[in-house]
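Structures given as structure tokens follow.
One chain, chain A, appears in both complexes that follow, with chain B as partner in the first and chain C in the second.
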Partner chain A sequence: MTQSVAETSAARLAGTAETGEAVHAVAPVSLVGTLPVLGPTTARRVFRHPAVTSALSFACFILAWWAVAVWTASPIQLPSPPAVASALIDLAQDGELFDNVSVSFVRLLISMAAAALLALPLGFSMGLSERVNSYVDPLLEMLRPISGIAWIPLGLFIFGIGGTLPVFIMAYVAFFPMLLNTVAGVRGSDRKLVAAARTMGVSPLRIVRLVVLPGALPTIIVGVRIAFAGAWAAIIAAELIGSPSGLGFAIEWYRELLMSPNVFAYIIVVSAVGYTCDLLLQLLRRRLTPWASGAELA
Partner chain B sequence: MSDGLAGALAPRPEPRWATPARGAALPLLLLAAWQAWATTQPDITRAPSPVQVAATFVRLTASGDLPVSLLQSLGRVLGGFAAALVLGIVLGIAMGTSRTVRAAVEPIVESFRPVAPMAVLPIAILWFGTGTPAALSIVGYAAFFPLLLNTVHGVSQVDRTLLQAARTMGVPRLRILRKVVLPASLPSILLGARLALGVAWTAIIAAELAVGAKSGGGGSGGIGAMMFVFYAYSIDLNGIVACMIVIGLVALAIDRLFRGLERRLTPWRH
Partner chain C sequence: MEAPGTTDPKLRLKGVAKAFTAPRTLKRTLAVTGVDLAVEAGEFICIVGPSGCGKSTVMNMIAGLDMPSSGTIEINGVPVAGPGADRGVMFQDYALFPWLTVEENIGFGLRNGTPGNGLSRGEVEARVREHVELVQLAGSETKYPHQLSGGMRQRVALARLLANGPDVLLMDEPLGALDAQTRLILQTELLRIWGETAPQAARKTAVFITHDIEEAVFLADRVVVMSRHPGRVRAVIPVDLARPRDEHIRATPRFGQLSEEIWGLIRAEAYEAIA
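So, the complex of A and B:
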């Protein structure tokens, strides 16, 4: 059934006339603009501003959470928003929150740096030379489907429980998107510009630095963003299973103690840190590559 | 396929076998080095080698342990994925067609998105215990976001001229949805589904591992729990590596399957 839909739409997109069955050739019953697809109508003008709608819906979400918490009356399974807020404040005043965030964040930075150190040079050489690519690419394509998470048991054996395991797992997770985007970015750089620079006798290293790098940079930064999102998801798993510190450890620790407000508080912190970092990366992208328009999906 | 920049500027004819031979060189070399290293180690369960991994794989498959665990994990993934598919596409279409719905739902979605499925696992355990429902909810949570975001993207990219044309001719809303919006956003939805299933597969491994690690014994089953048993109880590194390879192969199969599906269902894109 889906296929037939796809085919009719294919015909439609290709511009072939299709009459009768699909479309009624009758006078319009509805006025243009009554469908929500095109946006504002008079009825919605009050709450039209997206910011107002967003704030309202967020408030509704918190209220709904509160209502459910009161209704279930089971503070271990679902603590109320004020309980979580006060847990958050306590943890922050304690300094414990800051400790765990900084531990996780430092691990994140180390692993991103390690992944970048490996992925960027390799990505450039793979993108520039078909020979290097043909040697390395099959091996990487064999490793890539094995998710970082699947390395945790083996990593536990090699590194033991501690800070190295999360760093290894995150670097592994971050490596592939950075590499693939670097290769794609380098390959996508304008060949005419490279040829022009070459004709004018610019040295290969300068071509890479002045022509290929700026051309590839937007794609590379997208790779860094994807890598960050993956690493931020992986760190929780790695710390939860095999580390005595960090955000993932703290979440699991308080679950075992059945201190749910603290569990929820830490989850909010995970969200806030992840969101902030993503915003910073987008800011960085706009700063570094203001010429690139940002159509991207993580 | 596409040549490197240097290759394009200085093309050189090569025999056809050159590329595959090069591609095989590095993996074979690594396998040989790994096998050589393993033979120097005294304890074969702690020093996995390619030969032992293959032998373990055959043994686990013959005994039925591996297929059973794999099916259990796959069943959970499909269950969670199906729920996410329905929710993600319905909500995605609503968000893609209505600005108000989008403005209302987006901040909530965006604040949950950076929260890894594994961070939600403790809550899922609190709510559902350590069995299959917790695993299903984690998988559903993980798969939901790629599906939703790509559906929203696809729906908001639908050609407005087509929509206006359909509307001018008085096509009812539901029909527009089915005949115009859905087909036009199908490529995006399929991409979302591919990403979502990949993420779901990762999430189930993580969930089973963590449940195995934290509930003291792999009572819940699945390939992740099996790996944890190999790590914590029977200390069999060959088994762990065999599981890793199976996990990789399943991920690869999921990816290929969906790419094939994309080619079949949206042939005009290729």
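So, the complex of A and C:
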């Protein structure tokens, strides 16, 4: 239902865009007579293509950055794009970049797995049982507003400097969106489908596995995406202070050495890894839940 | 007390009432009350009534998905305690599993529920296959529900219902979402699959909910007319039209008389419902 409505409105939007174009295309004819009008229209189409628009916006950003860098002429505060690019190449050739990326990435995977191991079973029990929910929910609502970063000082006392602290912080950050989306997904799973399975003599445990789980999956995957984004943002802060390795550590290390191009190079890598992972998660969602339309997830 | 199973009807509702309590106001509303009905094995019963008369509530209680607030529901003289595969349900919007293919939807109960008990793997597969063919869906087995037309989804739901081999078929406006032409075709098909050409002993027992009076007259042995506020049985009209029935029966005077009689019972409330 929602899908078809979305499709119709999309079609309608496309339709208006077409008509808008047609109106523009007609105007030059009446003015210039027989001149071909195809040219400007095709150009306009090209400039609408998402790949072209994003490349353009990216280019504008780099140019603006470069202009400000030249104007301020302070390579420590703002290194120029070529300086950052060459730093990025050096770090990559050196192998240091990949070492730090893999250290942080492995921490991310461990923390996501730990968060999922806690959040999914708890989310299912909270979603299925109002009683469990009434006990656990108040506690969680109290913890949730506390940023993961707030636990870093205490974490330093408990775990010391090392790999455990960032993993703990990330797992904490990832836990809440995973849990809340699991609860929402389980609660939102279609009651009619559960009823249908019950009338077919399917046992409650199997109903959870075969009906509630797939029904909740699209929402759970959205939770995983939110969790991932939050965890990846938190890892930098955690490694900045509490770790002798990883991307956050590298940023802090080069800051102390006043090597801004390297700091910027690492920041770009943080963004690139985060973006790639999100794309992969979206791909995973399409593979795992091909029946769920994008519209429902928005 | 008579022994259960000997003289009992297939399905019996005795003084069934259902009240719902609103979550916040705690106000109790009586959805249905005083429903008495006995359905013989092999009988096709249609329940009609204006919207809000509790038709679906009655069906959910027979299915065991809802418990009556008072009164009892018996199958072969045994009180209903919960849902069971002896009573198959076809829901209004079909309730197909969107993540399963046509074939997997039809085989869901056989593979995961009690209907598959005591059947070998090969027997299960054969039965699924047979029901895919029964509703003429061969060639579409690997499609997902969202890739199907309304009529095809309806067939999948019917095949899933029948594949589980229930004694009692419970159908909640299964043709409601279809266009008029498809509806007429599927009504005839439904009668064929139910076993209209077979002797009564070989037929399934069917309870079919609809708001379409002519559909009810065309399908049913008896039409149960319900009225609302609260939902209760207004009248039970026997349909004395010969079986097997086909399209032409709609043009007979008796068909018109019966439809008219039922409409007469509902008319006032139907107008009230839209006012």
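Throughout what follows, the second predicted complex is superposed on the first by the 245 of 298 C-alpha atoms of A that agree within 3 Å, B and C clash if a C-alpha of one lies under 4 Å from a C-alpha of the other, contacts with A are read in each partner's own complex, and residues count from 1 in each chain.
We adopt the following convention: a contact is a pair of C-beta atoms (placed from the backbone, for glycine too) under 8 Å apart; a residue touches a chain by one contact, two chains touch by 3 or more.
Computed from a predicted model, the values in this text were never measured in an experiment.
S.K.: A:W291 contacts which: chain B (first), chain C (second), both, neither?
M.R.: second
S.K.: With the two structures laid over each other on chain A, which partner does A:P214 touch: chain B (first), chain C (second), both, or neither?
M.R.: The answer is second: A:P214 touches chain C but not chain B.
S.K.: So in the superposed three-chain picture, is A:L88 touching just chain B, just chain C, both, or none of them (first/second/both/neither)?
M.R.: neither
S.K.: Looking at A:A195 after the superposition, I want to know if it touches chain B, chain C, both of them or none. Which is it: first, second, both, neither?
M.R.: both
S.K.: Once the shared chain is lined up, is A:R206 touching chain B (first), chain C (second), both, or neither of them?
M.R.: It touches chain C, and chain B stays clear.
S.K.: Touching A:M112, do we find chain B (first), chain C (second), both, or neither?
M.R.: So A:M112 meets neither chain B nor chain C here.
S.K.: Check the contacts made with chain A and report whether chain B or chain C touches more of its residues.
M.R.: B
S.K.: Check the residue A:W151 against both partner chains and state whether it touches chain B (first), chain C (second), both, or neither.
M.R.: first
S.K.: On chain A, what residues does chain B touch that chain C touches as well?
M.R.: After superposing on chain A, chain A residues 3, 195, 198 contact both chain B and chain C.
S.K.: What residues of chain B sit close enough to touch chain A in their complex?
M.R.: Result: residues 2-9, 18-19, 22-27, 30, 46, 97-108, 110-123, 125-127, 149-150, 153, 158-160, 162-164, 166-173, 176, 178-184, 186, 201-202, 205-206, 209-210, 213-214, 227-228, 230-231, 237, 240-241, 243-245, 247-249, 251-252, 255, 264-268 of chain B touch chain A.
S.K.: Touching residues of chain C toward chain A in the complex: what are they?
M.R.: Residues 63-65, 82-85, 87-89, 91, 93, 95, 97-99, 108-109, 112-115, 144-146, 164 of chain C touch chain A in their complex.
S.K.: Please output the residues of chain A touching chain B within their complex, sorted ascending.
M.R.: 2-3, 5-6, 8-10, 12-14, 22-30, 32, 35-40, 44, 47-48, 50-51, 53-54, 56-58, 61, 76-77, 126-131, 133-139, 142-143, 145-154, 156-157, 186-187, 189, 191, 194-195, 198, 212, 229, 232-237, 240-241, 247-248, 251-252, 254-256, 260, 263-264, 266-267, 270-271, 273-275, 278, 297-298
S.K.: Per the contact definition, I'd like the list of chain A residues that touch chain C in the complex.
M.R.: Per the stated touch rule, the residues are 3, 190, 192-193, 195-203, 206, 210-211, 214, 289-292.
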